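Each of the two complexes below includes chain A, the first together with chain B, the second together with chain C.
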Partner chain A sequence: MLQFDFDIILKTLPYLLREGMVFTLTLTALAAFGGLVLGTLLALMRLSTIPGLALFATGYVNLMRSLPLVLVIFWFYFLVPYIGQAILRTERPVEVGAFASALITFTLFEAAYFSEIMRAGIQSVPKGQLSAGYALGLTYRQVMSYVVVPQALRNMLPVILTQTIVLFQDTSLVYVISITDFLGAASKVAQRDGRLIEMYLFAALVYFLISFLASLLVKRLQARTAIIR
Partner chain B sequence: MNYNWNWGIFREPNPEGSGTYLDLLLMGLNWTLATAALAAVIALVFGATIGVIRTLPSRGLVLAGDAWVEFFRNIPLLVQLFLWYFVLPELLPKAAGMWLKTLPNASFWTGAIGVGLFMSSRVAEQVKAGIRSLPRGQAMAGTALGLTTAQTYRYVLLPMAFRIILPPLTSELLNTVKNTSVALTIGLMELTARTRAMQEYSFQVFEAFTAATLIYLVLNASLTFLMRRLERAVAVPGYVTGK
Partner chain C sequence: MSNAAGPMIEMAAVSKWYSPQFQVLKDCTTSVAKGEVVVVCGPSGSGKSTLIKCVNALEPFQAGTIRVDGINLSDPGTDLPKLRARIGMVFQHFELFPHLRITENLCLAQEKVLGRSRDEAMAKGKALLDRVGLSEHAGKFPGQLSGGQQQRVAIARALAMDPIAMLFDEPTSALDPEMITEVLDVMVELAREGMTMMVVTHEMGFARKVAHRVIFMDRGEIIEDRNKEEFFGSPRSDRAQLFLSKILAH
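Entry: the complex of A and B
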């Protein structure tokens, strides 16, 4: 029977948390925030009456949702330096750090998913609210930012948070471009010390606990914020 | 942009000696399709079973079903694949572990089963929601007619529940296809992995990724089209789903 060595986890825990988990959580939080902002804009574009805007947003969302995240991660990993070059007008492709590259990828990718959530949220706001806003003399921008979007956010909060938990799990895929997130750190230790079993089981346990507890909290929140109609 | 475009690359021979670069990508597509097909079957079989179990009037079974769903839903797919591929063979008795490790196409079997089980938790959620969405009277009517629980599910509940959840099942099928790309981390040479290989052999990054993107788009569109056909074919007249 093989010997488990759980000491290795205790010894490397500071590294796993400080290097790995901080990266994973920062990436999750920033990408969720950026994705939500961008996704809301995409949803507004998609629902707008300007055909060009609606078409662009629909195309973008459908394209992103048809591609595997792994492929998108590779796409941006190679594309971002060239985009940087085009924007900054430099001689060579710009060198982009691992964190920036991952953040751009996840923000743009998640924006497509958040946009679908926000679209449903905006459409769930009764039409009368919009009319009331316009009747009060508010402009489109004011109606959206003071009346419609806040209610859409509230209605969709549980779904948004659930999507953020999915995002938290998906950030582990930065493994494919050799970034040291939580799983990356665990994997490095695993390969260095030949302790694959302990490290991968531990990583699974940590991901499970965080996701499971977070989803329990979301369920409680859902019960508390549900508006009885 | 100082990048040397070369769209003719797809007709050039690949260094693996397996035809052109296009052939390389198509071989990847074959593995993607095979993995997704097996994974979809596993997801459907386990998902339907667990979904049904979670609606049965037995606390123990419901709890077991919930545990299944929470386990497979709360661990990232990548970590799950690592567990099946690297950890499981070590935890088994030596002979069984050796057999697993030396299995031909091990990454295919692990990838398909791993993705399948991961997706089964999503399918289980849909199946449960589908059964719950039926009026309670349907199950009661089944019982009143003298059907056993199994018969009620087989002849009354499931035929309608599956029709209702066909649209969300379609997106789970598409997710299954997309998720097979994660199996490249355990060495499965599916479409995304072959695209990476083509990029490394030829340095034509953007041509390779554009081609892969187009293939995934066509695959998505075809599957969506087929599922819509299926939806129409099995629609029950008079129901919202059966327009």
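Entry: the complex of A and C
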């Protein structure tokens, strides 16, 4: 008969939250923000009439979306120091650190997904809105920043947040470069105390609750932020 | 260069093709003098909306020249955003920015394009909103207004830029019948104040009341370009006659 000890969760909770969850949430928030900014730029590049820009953005997005995230995390972890060395012309590979490496990876990876969302969002803004902006004397850049992108963001907010929830779950993959995120922290305790079932069960419950509650919130937000047309 | 004496809008042999087989505008030549109100009418698909959109270069054209206040649109040195800022445009579907409040709709281009301060832009916007009779709606979003109200805001938004001319692209076509008058009233007032206007519309009542000239288009060509009295009076082309008999039948 298996003996369960759920006290272990209570005892290690401060560690799980402070070490693990803080990291998970920080990485999620920063990568989502960075990914959205970069993704929007990529979307604009992809929709641009300058062929070189469009080609680059399309290539980038397709490449990122065709690679497994774990592989990208690995590659960046090992490559970024050398890329830094090449750019900065230092003698040794630049020390980037696991957190920075993970942040760069997730930002670049998520940007590909966010760019597809933003592309759809930008295309969802009626052409007449652009005409109205131009007719008022706004430049391309101004039309994009004040008229199109704000509407695209609002139209796509539910999808953006849903993608962020996926990102929140995906951050657990940082275990491959030995970073202690929430799952990593739970895993450490599990291994140390031989409480695999309790800890993984608890971790699953936490991920489920956060993701589920967040998606409920997204649904409610969706009703509130919809642009009145 | 600005020329006070010449026409405000001058089109010479403007042609536009969507594809080599499909020509939307054929050698369109006309002009609009300062203070003149010109109504452009014709059956749907005749190119009248396309023509008016060429005036502020929202639609590119392949041949001919258009000058606005003496400035050639096709000249590579022409700063199009700057020129467009001086020409007001009102669209069939209003095209207010739905994510911005009415006041923001009125202020955005004033601040970003003309560099006016917030207070200045706000004062101007509020005054114009008052003029079109919508002061109490300043804090609302466009979607909370009726079509007629939105179109009046759109006119105010264009006027806020102190335009030298106004272009109207079927401003009442998307409106419910009971809202057409409130928009036309604003336009009539504007015409009487001496605003240079080019108006694509089927509202012949408006044309009769304030237009100086009427342009009739069909299949991308300007068929008639005459004084109002002549146009509504006796001799005219068969096509224009047929068109008028259709829209004036009821």
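In the analysis below, the second predicted complex is superposed on the first by the 225 of 229 C-alpha atoms of A that agree within 3 Å, B and C clash if a C-alpha of one lies under 4 Å from a C-alpha of the other, contacts with A are read in each partner's own complex, and residues count from 1 in each chain.
FYI, a contact is a pair of C-beta atoms (placed from the backbone, for glycine too) under 8 Å apart; a residue touches a chain by one contact, two chains touch by 3 or more.
Values in this document were obtained by computation on a predicted structure and should not be read as measured data.
K.L.:
Comparing chain C with chain B, which touches more residues belonging to chain A?
P.N.:
Counting contacted residues of chain A, the larger count belongs to B.
K.L.:
Of the partners chain B and chain C, which touch A:Ile197 in the superposed model: first, second, both, neither?
P.N.:
Once the two structures are laid over each other on A, A:Ile197 reaches chain B alone.
K.L.:
Should A:Gln142 be classified as contacting the first partner (chain B), the second (chain C), both, or neither?
P.N.:
In the superposed model, A:Gln142 contacts chain C only, not chain B.
K.L.:
Contacts for A:Ile50 in the overlay, against chain B (first) and chain C (second): which applies, first, second, both or neither?
P.N.:
neither
K.L.:
With both complexes superposed on chain A, which partner does A:Pro150 reach: first (chain B), second (chain C), both or neither?
P.N.:
Touch partner of A:Pro150: chain C, not chain B.
K.L.:
Between chain B (first) and chain C (second), which does A:Ala223 come into contact with in this model arrangement: first, second, both, or neither?
P.N.:
So A:Ala223 meets neither chain B nor chain C here.
K.L.:
Per the contact definition in the header, classify A:Val176: touching chain B only (first), chain C only (second), both, or neither.
P.N.:
first
K.L.:
Quick one: in the complex, what on chain A touches chain C?
P.N.:
Of all residues in chain A, those touching chain C are 126, 128-129, 131-139, 142, 146-147, 150-151, 154, 227-229.
K.L.:
What residues of chain A sit close enough to touch chain B in their complex?
P.N.:
My answer: residues 2, 63, 66-71, 74-75, 78-79, 82, 85-86, 92, 169-170, 172-173, 175-176, 183, 187, 196-197, 200-201, 203-204, 207-208, 211-212, 215.
K.L.:
With touch defined as at the start, can you tell me which chain B residues reach chain A in the complex?
P.N.:
Touching chain A from chain B are residues 1-3, 70-71, 73-80, 82-83, 86-87, 90-91, 174, 177-182, 184-185, 192, 195-196, 199, 205-206, 209, 212-213, 216-217, 220.
K.L.:
Under the stated contact criterion, what part of chain C meets chain A in this complex?
P.N.:
53, 56, 58, 81-89, 91, 93, 95-99, 108-109, 112-114, 141-144, 157-158, 161
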